[in-house]
Each structure stands twice: as C-alpha cells, then as structure tokens.
Amino acid sequence: MVTALNRNVVRDLWRLRGQLVPIILVMACGVGIYIAMRSTMRSLESARSKYYAEERFADMFVGVKRAPASLARRIETIDGVQSVETRVVVDVTLDVPGMIEAATGRIVSLPDRGRPAVNDVRLRSGRLPRRGNEVLVNEAFAKAHVLPLGARIGALIDGRYDDLEIVGTALSPEFIYAVAPGLMFPDDKRFGVFWMRRRAIAPAFDMTGAFNDVVLRVARGASLHDIELQVEDLVAPFGGAGVLWRENQVSAFFVANELVQLQSFATMIPALFLFVGVFLLNIVVGRVVSSQREIIAGLKAFGYRDREIGWYFAKLVGAVVAIGCILGVGIGVATGRAMTEIYERHFRFPELPFKLGSAETLEAAALVGIAAALGTAFAIRRAVTLLPAEGMRPEAPPVYRPTVLERMGLSRLFPVAAHSVLREIERKPRRSALTIAGVVMATGLTVMNTFSFDSIRHLLHVHFGLAQRETVQVSLHEPRGTALLSELEHLPGVQYGEPFRVVPVRFRAGSRVKSGSIVGMAQGTTLMALHDRQLARIALPVRGLVIAEKLAELLSVGVGDSLRVEILEGRRAVRTVEIARVVDTMMGTPAHMELASLCRMLQETPSMNGAWLHVDEAKLPQLHEAAKRKPVVTGVIERRATLRSARTTIDSYLGSWLVVGLLFSLVMSFGVLYNAVRITLAERSRELASLRVLGFRHREVGIILVGEMIVLICIALPIGLAFGYALAYAMATGPGFDTEQFRLPLVVSPSTYATATLAVVASAVVSGWRAWRMLERVDLVEVLKSHD
Amino acid sequence: MALPQTSTVFHIDDVTKTYQMGKVVVHALRGVSLTIEDGEFVVMLGPSGSGKSTLLNILGGLDTPTEGSVLYRARELSHASRSELTEFRRQSVGFVFQFYNLMPSLTALENVQVVTDIAKDPMSPREALDIVGLGERVRHFPAQLSGGEQQRVAIARAIAKRPAVLLCDEPTGALDVSTGKLVLEALRFVNRKLGAAVIVITHNAAIAAMADRVVSIADGRIANVETNLVPADPCDISW
Amino acid sequence: MKWIKRLAWLAFFAALGFGVRHAYEPQPLLVDSAHATRGELLVTVDDDGRTRVRERYTVSAPLPGRLLRTALIPGDAVHANKTLVAEFEPLASTLLDARSRAEAQARVGRAEAALKRAQAREAKAKEDWTFAEAEMRRVGALRGKSVITQTEYDRTVRDERGALLQHRAAQFDVQVARFELETVRASLLEFSTSTTDVAEGASAPSRRWRLRSPIDGLVLRVFERSARTLAGGVPILEIGNTQALEVVADYLSQDAVRVRPGMTVRIAGWGGEESALLDGTVRVVEPAGYTKISALGVEEQRVNIVIDPAGDSGGWNALGDNYRVEVQIVLREQADILLVPAGALFREGESWCVLVIEDGFARLRKVKVGDRGGLSSQITAGIVEGDEVILYPSSLVADGDRVQSRHAP
C-alpha cells in the first residue's frame, strides 16, 4: 500500500521541481559524460586489442636498406621473438586518375603465398592479389577517390609508370591512422597504402631475395630491450635505421594517445559535474529540511520515529539521483555514439561499435549515489536529530552582522538594497562559497573547452604561416648532389628553391637515447624559418645543432651540451655535436643543422634529398605532371593541401565537441545560479513581501533578490577565469597533449574568456528573470500570514 | 499530592525546564507538579511566555524536563530515551497545534492517513474526518480549506489513532468565534465520546468554562487550580 | 538625478558591449612582412659551370720511348723554355724502324702546316684587334662631343677587349704550334744521328730527350709519373696558365637562347665569402648543343656558354682549373623599379595578388608583375613604394584579417 508519506515524496518532488530540475540536469550531465567517455574508451580499447590480436600486429618494426632474406631466420632465433615477417616496403609516386597532384603510395609486400605471419590485412572487399600488378588498397584511399574494383592506378616504379590493378580493399592495424611520412594528419586522397605480392614488387627495387623492412612479434614477458639490441646487431651491416617499438609506430601512437586524452577527461569532467550537482542537492535538501521544520516536528510529535523521517528524506534524495541517472544514461548513450562516430571517421577500425558498458553505468550510478549520500548526509541528519520541541519553537532568527562595507565605513555610498544583499551573503558564508565554487567550476570548464580552438589555430598558423613557407616540398628517392637544385628550379612554375637533407639519426645524451632525424638546410633560407619562443626569427647557426625543446627535455640537455649523434645510414658514423640553440616547436621534434656542416659530418659532398620550392600557383598542375615523370622524385606536397587536410581533420574533431561542451557548461552554471536565486527567493520572500507592503516597487525589491546572485558572480568570475586558465594549463602540459609528436600551445585568447563570461551571464539572466517573475507572483497577503 | 492511581494519566512532580534560544536562556518551568486523570478535560490558562506550551510539550513527550519526574500511567517519561518517547507518542498521544501544521502537499484525507499509517489500531481516516464534520472535503488540500476546516482536519488527524491523550496548543487561537466553537465542539466530542483526556492550552479565559479543571500557569509555575463542577457547553461560550 | 543614473547605466552597457565585441575580435595573426621598395632588379639565368684554363698545353711523348720519372707535381710552377718537364729515352728499336722514321717525317710536315695555320689566324686576329682598337679610339673621341651614346661606346670597348683576347689566344696557338714543330723536328733529327750510331755498331747511346715547358704556368695534371715505356703521342702532363681562366657553363638550350655575347655575368658559389661575386662577360654562346642526361634521369639539350673574367682579378686568382662555379648571366638590368620579394606574390585565379598590411589589417590587392630576378619581383601596378606586404601568406590569412608583422630580418 502506498502510504501517505510516500505519496508526499512524489508531491514534494513535484513541488520542488523548479529547484530540482537543474540539479537533475547537472547530475545527468556528469553521469552522461562519465558513461560516454568511459564506454567509448572501453569500446576503443577492446576494438583495438581485438584488431591487434586478430591481425597479429607487430611489436617491433625495423627498417633496413637491403638485407638478405636469410637474415629472417637468424632474427627468428633470437630469444623471445615469436614470429617474424620480412617485407619490401617502398614509397612511390602515384598518378591517380582524376587528381592532378601526385599522390604517395606506400607499397607493402605480401608474402608470395598465403598471409603474412605478422601484420596481416583484413580484407574488406574483393580478393587478395594473385599475380602481376594486382594490389589491395586501403579502404579509405579507395573511398576518397571512388575507386571501384578493377580500377587502375599508375605508380612510378623503376623509372616508368606501371599500372596497379585494384582487386580488393583492405584494412590493417598498421594503418589505423594513416599519415604520409613526415605529416601529422591523414590525407586519404594523397596517401594510400597498397599491398602486393612480393615477387611483383621486389625486382623493381632490387629486392629479389632481400628485404628492406621486417616486423616481428615477441613472446609475452620477453625483454624488448634485449631483443632490440640483438636485432640491431643483426641488421646493422645492412643499413638498419633503428628499431621502432609498437608504441612509437605512428598509427599505434595516435590511437594510444587518444585513449590517454580520454582518460584524463573521463575522470575530471564528470567529477566536476558530480561535485556541483551534489552540493546543489545539499543546499536544496538542507533548505527543505529547514523549511519543513515544523512539519517534521509535527510528524515526530505524532510518533514518527527518527529513522522514518530520515528515510523519507533519503527517498527524496534517492528519487532525484535515480532520475538523474536514468537521464544520464540517455545522455551518455547519445554522446557516446556521437564520439564513436567521430572516431570511426579518423581511425580505420574494421568496426567500432559503441557499447554501453554496464560496468561504467553501475559505476556512475554508484558514484552519484555515494556522493549524494555524503553530500546530503548532514542535512538529513539534522532532520533525523531534530527534537520535536525544538522544531515547534520558532527557529532562532538568522544572525546578521554588519557587512564588510559597513566595517570599512563605506556604508553611505551604497543604497540600502546593497546592504541587504551583502548581509545576506555574509550570513551564510558556506552556501555563498559553494555557489561561488560552482560558478568557478562552470567558468573554468568553459575555458578549458574553448581554448583548444585558439591554440590549434595558433599552432597551424605558426607552423604553416611562419615556419613552413614553401609552396611545395619535394622529396627525393635518395640523396643527390646539391646541383640537382637547379634542375628542380627548372621545373614548370618554380621560381626558386632551397635544398634540404634529412638524415635519420639516434641522439644519445648520457644514458638517454632518442631516435629522430636531422634536417640540414642552408643558412638564410626564406622558405623555412626557425623561431624562438617569442616567435622571433632566429638564424641558423653555422655550426652546431638546433633542436626542439621537447627533444632537449627528453634528453635532459640544453644549449652548450654535446650530443652523440649516431647516423643511421651510409657510413653509420658517430659524431659529437654541440647544441647551439633550443627552439620551441609544436609539431614533432626536429633537429636542424647547417647543410654544409651536416654533409661534412656525413663525410659527403653537399647533398640534398629534398627541396622547398616557391612556385607560381598557376603552374602547379604542370609541375605535378612534370614531377610525376621524374623517377627520383617521390613526393611533391603542397603546403596548402597539407594545411587544408589538417584543418578538415581538426574542425570535424573539435567543432562538435565545442558545442556540446558549451552546452554542458551552461547546464552547470545555470544549475548553480538558478538554485542560488531560488533559495534566496524562498527564504526571503516573506521579508521582501513585507517591503512591498511597505511601499517598495517590485523593481526595487527584485534587485535585492537578484543582487545577491550578481555579487556572487562578480566575485566568482575572475576566480573562474583564472581556474579556467589553470585547467587549460594542466591540459596542455598533460600527457595527452604534450607528446613527442605534437604539443598543444597554451593560447587562451580574450574571446575564450569572453565566451566563458557570457555563458555565466546568460545563465544568470535566465535564472534571474525566472526568479523575478516568480517574485511578482508571490501573494503578499499569504506570505505574511504563514510562518515561512 | 494524591498518590498516583491506575486511572491517572499523567503525574508530574516538581518539573523544571530551562533552555537556550539563540543567546538567551529561558526558564520556562520552575517546579511544576500536577496530576491528570483519565478522560479529564483540562484547560491550562496563562499569558504568552508563561510556560504552558513547554508543559504541554513535556506532557506529550516532545521534551524532557531539566529536573523532576513525569509519569504516564506509572511509566517514567522524564528519563526515557528518544525512541521510547517516540513510541509513547506513536501509540498514545494526539496533537493539535495553533497553526494546524498540516502538510500542504497532502489532501485532508492524506494528512490524516499520515498518522493512521503508523498507528496500531486506528480508525479509518474517513471516519475521523466524518467525526469532525469534514466528510465532504476529504480530497481538498489545506490551501483550499478555511482556517477552521484546517484545524478540524488537524483534530481528525489527532484522534484518528485513538489516542489516550489529546494535547491542544491554542486550538482556537487563529480562528473566529463561530469557527472556534466548532472546534471546541469537536474536542468535546472526542473527550466525551472517545474517552480521551484532553488538555487544552489557551490564553482565552472564556474557554476555561468547558473544562473539568482549569489550571492557571504564570511565570513557569502553577498559580491556581480550579474545578468546574458543571463544565459548560461550547455553544454557550463566547468571547 | 534620475537621468544621470540612466546615463550611467547606458554608459556601462555600452562599455560592456564594446568590451565583448573587442574580446571576440580575432587575435592578430603574426606574419612576416616587407616593404615594397625601389631598387634595381637583375633578371638572370643561372646554371652551374666550371672554370677552364684558357691556355692549356698537353706535353705528350714525342716518340715511343721510355719516360724517366718526372719530379713535377700538379701546382708546380714552370717557366717557358726553362723548366724541365720530362726526360725521355727514345726506344732504340724505333729509331731503326723505317716506318717510324717516315711517320716522324710526316709529323714534321703536319706540325709545319699547323704552325702556318696558327700564324695565319694570329695575323687575322691582330688585324681585327687593330681595327677594333682604332674604332674604339675614334668613337672615344666622338664621345667627348656627345655624338655617340655611352652604350655604343661601351660596345666598342667591349669589342676591342674581345679582339685583344682573341689575338692573345691566337698568339698562344702560334707558340704552341712552333713548339710542336720543334719537338717533332728534333725527334726526326734523332732518327738520323742514332741510325748512324747504330749502323756504326756503337752501343746505343741512350740519348735523352729533354722536354722543356713551352709556356709559363703551373702544372695542372700529371698523367704519367713513374718511369715507363710510352707510345708516341701519349700525354705526359698538362700545363696551363691559371692566371688566364675562362668559365664554361652548360645551359639548357631554352635558357641559352636568351644569352648574347657581351652580357654581364656574375659568378657565385666559387668558395669565397658568402656573397662575394666575381664579374665576367659572356664571350660566346656555342652554336651547337648536345644531349645530356640530367640528374633527374631525363634527356636534356645543353649548350656551352663561355665566359671571360672581368673586373678585379683578386678572386679569380684564387680559382684553379675545373673548379665549380655558379653562373648568373644578367639578361636584363633594371634600375629604380618597384620591387617586392617574390614570396609576397600569390595567385588568385589567373591574376597575381599581394596582401598589404593596412592599419593592422590584411588587404588583398591585385597587382601586375613585370620582371622577376633572384628573390625579387617587379610590380608594375597595384601597390606603391612603402606598402607593406605579407611574405608567404598561408591560406590562414585572408583579406580583412587582423595581422601583425614580426619584422623578419
């Protein structure tokens, strides 16, 4: 039987809905974000493990110049190595029908028969290649160019264009995130992956009976370090360029990094929401208990036990939590689905379903429940311990004290309304502090959400506007003498060019080692500029190395220190170089050196394996055409195309999250402010009504009501903006955004602060307007009659 | 003092009560002794601040005396625990307050039901409301009822559990004469027909006429005890 | 009183509005910029070249015989008719050979003919030079009376210089021919005497030839150092006068077409200080091209262009034979024209544009471009001197964006 008291729980909930709805929304947001992020994380992680396991994703990647096939067996015998697959991997220029620019194709060989033992492919359509120039192409590339099965693509192999016939599309764990070498963002139109039978591709690159790439899987618990050393020893005579661990492989890195980012958000943001939601609940429940003092006393007078009263309020809180959780699950599923969809667009998994994790849901519900219980414990305790006699006695009148202004002697400067507002704030310092804290958190959250937009814009602008200024960057198949530059300058449309030489190296400082590369360029280049932290241009020193700050940090070195540089090609010399300067770069960890110095270090005549060219854009189609026909040119990349693909990736990524994040922040700030003003209304309506009776106008009385909220906002906003900056700082220097591949700059522009402020102001306006109208409708006579 | 007998409902012996209200210390009762019999209709008279409300609270087990003893049917209440007091109230006491203290979000019927839900052998809420003449208004909320009607609902609530004692704190304080009379009628009905001891606190001397005994309290002490050999009828009273 | 309050509120909200709007103005993008200036523009065609010693003489074995070890190494100075460059023992058997003898005689004949040819050429060159010199003087006199333009005068000066050099070259050729003749004659003589000696049954006298340097100069290359038997005509060493260099550059034929003799040349990348340039003049654009495979693996048609040094010889002295240089032939020189760095220009559709910085905003301007040389381009319409243009604007900077220059060096 539904008791009357239970019915009252429902009635009370309905009666208090105005105050409870914002709280429920805030809680629901917290639960929703928790569920969405963690479920997505879980989905991503499980999809990844499954994929890696099913396709036997490699643990180590080794590139060599040319090693005999027999070496594979020796690698297999290393202790701890489980399986080995040698391959021929080459980058070629592609002539794709319908696209003027050349695309880059990475051809990865498949064993002549059957499937690779390591890094298998997942067939998506068509069949595996059998003979000749049949290839599998990665699904994204095929989709981007709308290539049907049977389509042919020209690939510059061995000096002439061969037609590759597409017999199927595939996915591979090696290319979940497929970026062209040297870039950071995927460009499915300009970079494709092709799989071909070994015998079809090896001869063209002099790899018959040899390989230039080997991937291996290790047994569980094996020592990666030991295996690495042994593998390096084996491949060193064949031009080994260092061993890459899975965690540093481009695709694997970006997927892992995404999870790291999610991890930090998944904890912090829901925590903020829950915290705010719970303390709002605390305030409301506390108020309900206070206002129902006499009724509680009456019930106890009628013999209701203390715990029955306590249980009543617990049911009330429980109902709020339950509704919040249910709503939260809905929000969580919707948000999680949207997030997963975004990931599906950037990470090429065979499938990436969003699964609502039951563990996560229960966790969220438990967290909310516990938090709510803790948060309202004291208020409920008051109800439980209330002595009926006390309850019947009128509550002691609230104690007011002279305000800060009065103590400072400034009372005369301010109207009575101001004093009234300030006194109210000072009377309940804990509640005022909690309201301020809530606004601070909402503001901070908005700042943290929004600043990444400006930061990324800054990163793009500095990298593509100030550092890289070339029209196109040309890569060569192998180093050539610098005299090649003039030939490049004679390509159609080229006005002038600057050569560069990239050398793969290993840096050593003490016990710390880092693989990387050195870019050699001439002094006084205009197409590539180095700059310091203040973005002032710096000149390339004649001698010595200029390294990225991140690299300096990883190696614990600074200006003036010496680095041991192990050159991973050619004569494999080992040299000591002094660090001349450390510069702040946001993408990658490049090291620069003067070209002649670098070539001397390599004991070579001045050579280049790439150039930056300034080109008349009108002639770009001819340039691409001409470059396509030059076998030694492996890539012609337009700066503006790279920039465009970067922006597309980022926009699709950030854009929707920005809006959603803003919505969430609005829910929080609205919840906090509406609650504050509603409670003030409830507590002071008698007082304010009396003023009205005495002849005050509604406007004058309304100001007192709303004034409290305004003052609290004025205090909270500056703190909130500072808190937002701190959150942004934590995010930008945290593990997800301060990585070797990129570092998010900390750029918090005035517009970000303005947005955060406006969000709070908007919430305040809406809340205040609502309360204003409610105040209008208060029946003066009724209010004066009752106690409260 | 007469020795406590089994027909005695309450026996208070030298009860003192002091409490703090904010920063003020109040000496509400200063050594009060009193006996109340089964089925008695007692009116406690006194000006505001005289301590009568405090005495009522102590009788009803809502408060404990600072000193002295309180016996309910030979059970010691003054040192009883909270849960014992709660049980006592649950089973045996009905309250009527000056400002009704109804739950605004429950109907008249539900307000009575609140109490019958926890009583051992209550009458049905409807019955109780019929007794006070509100059978037609059971579905109305307090906001839709006049002051007198609200007070009658409160009485129905108080009697629905068939209490041994009915404690009323200024039951007619907020009502006009005619409505007040109705309320007093109901109290009288309860006292006579249901056999409950009724203790009414008031500052209105006219009401004292309907009591069996009138206890005057002033300044925390019992000033005077009068017996009405022939209690008046409520309709005959006016103020 | 009331309207003061109202005014105050209005002012407050207005300020708030401005504040918000200002906050949302995008932060100015940092860019590199430069000013359009008036200056000179050199339109050049550039390619790689190498130095070549003009006067180069190869000392070869006059007869089959045994070369005794030479002591000379590349870089040694030699003096005409003084320094011993090689010692030679003709093979006794050869001397006995009638056929060899006849060959030697024939060689003498050829050498005599070559000498005559060289002398004839020298005479012609001398005539040309005399004429050019006279012309120059005549024109020079007229110049003082401002009947002749400076350009014309310069041309005659240039012609005179060219003719002089040609004459010198011809003279050298004569010298060489004479030396050849003497050498060959001497070898013939050897035949006569030795035969007699042998015939007389005397022991082979192991007569030694002493070859002396025909010219002043430096030893450029030594082909045969160790003592060994050589056939006739095999080169032993190469001597040249590195003080007289020329530069030969192989230009793509489509570039060579634009080059005329007499054009100014700048030589860079020769190893001197960073921007030190040497001067030169185009002497001749060879009429016939040839096919070459480029560094990128493509067939190209190349034409040799020969350049003479000009100007101060300090830098030239540091260069030797077959050194690599970068040749910049000045096709056109324009002074006092409006220039911007070429990096400021970009295409919008078919037209050239720049982004000019005006009051902190980037403004798109269509311009007309004239010549381009080096890193600068001539602007013929669209902007004026002093306008600040953005260098290498990326697609992130658009017309109307706020920008701020970071003062590229």
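Letters are used for the chains, namely A, B and C, taken in the order the chains are written, and counting of residues starts over at 1 for each.
One rule holds for everything that comes next: a contact is a pair of C-beta atoms (placed from the backbone, for glycine too) under 8 Å apart; a residue touches a chain by one contact, two chains touch by 3 or more.
On a predicted model such as this, the values are computed, not experimentally measured, just so you know.
Core chain by CA centroid proximity to the global CA centroid: A. When you average the Cα atoms of each chain and compare centres, the chain farthest from chain B turns out to be C.
Each chain gets a centre from the mean of its Cα atoms; for chain A and chain B, those two points are 68 Å apart. Each chain gets a centre from the mean of its Cα atoms; for chain A and chain C, those two points are 57 Å apart. Averaged Cα coordinates give chain B a centre that lies 123 Å from the centre of chain C. Note for the complex: chain A touches chain B at residues 3-5, 7-8, 11-12, 15, 294-295, 297-306, 308, 387-389, 392-393, 396-397, 399, 786-787. For chain C in complex with chain A, the touching residues are 19-20, 22-27, 29-32, 46-48, 252, 294-298, 341-343, 346-347, 350, 372, 374-375, 391-397, 406, 408-409.
Interface of chain A with chain C (complex): residues 159, 454, 457, 460-462, 464-466, 469, 480-481, 483-484, 486-490, 495-496, 526-527, 529, 535-537, 539, 614, 616-618, 629-633, 639-640, 643-644, 749-751, 753-754, 758. Chain B contributes residues 21-22, 53-54, 57, 60, 62-63, 82-83, 86-91, 93-95, 97, 99, 101, 103, 105-106, 110-111, 113-115, 117-119, 157-158, 161 to its touches with chain A in the complex.
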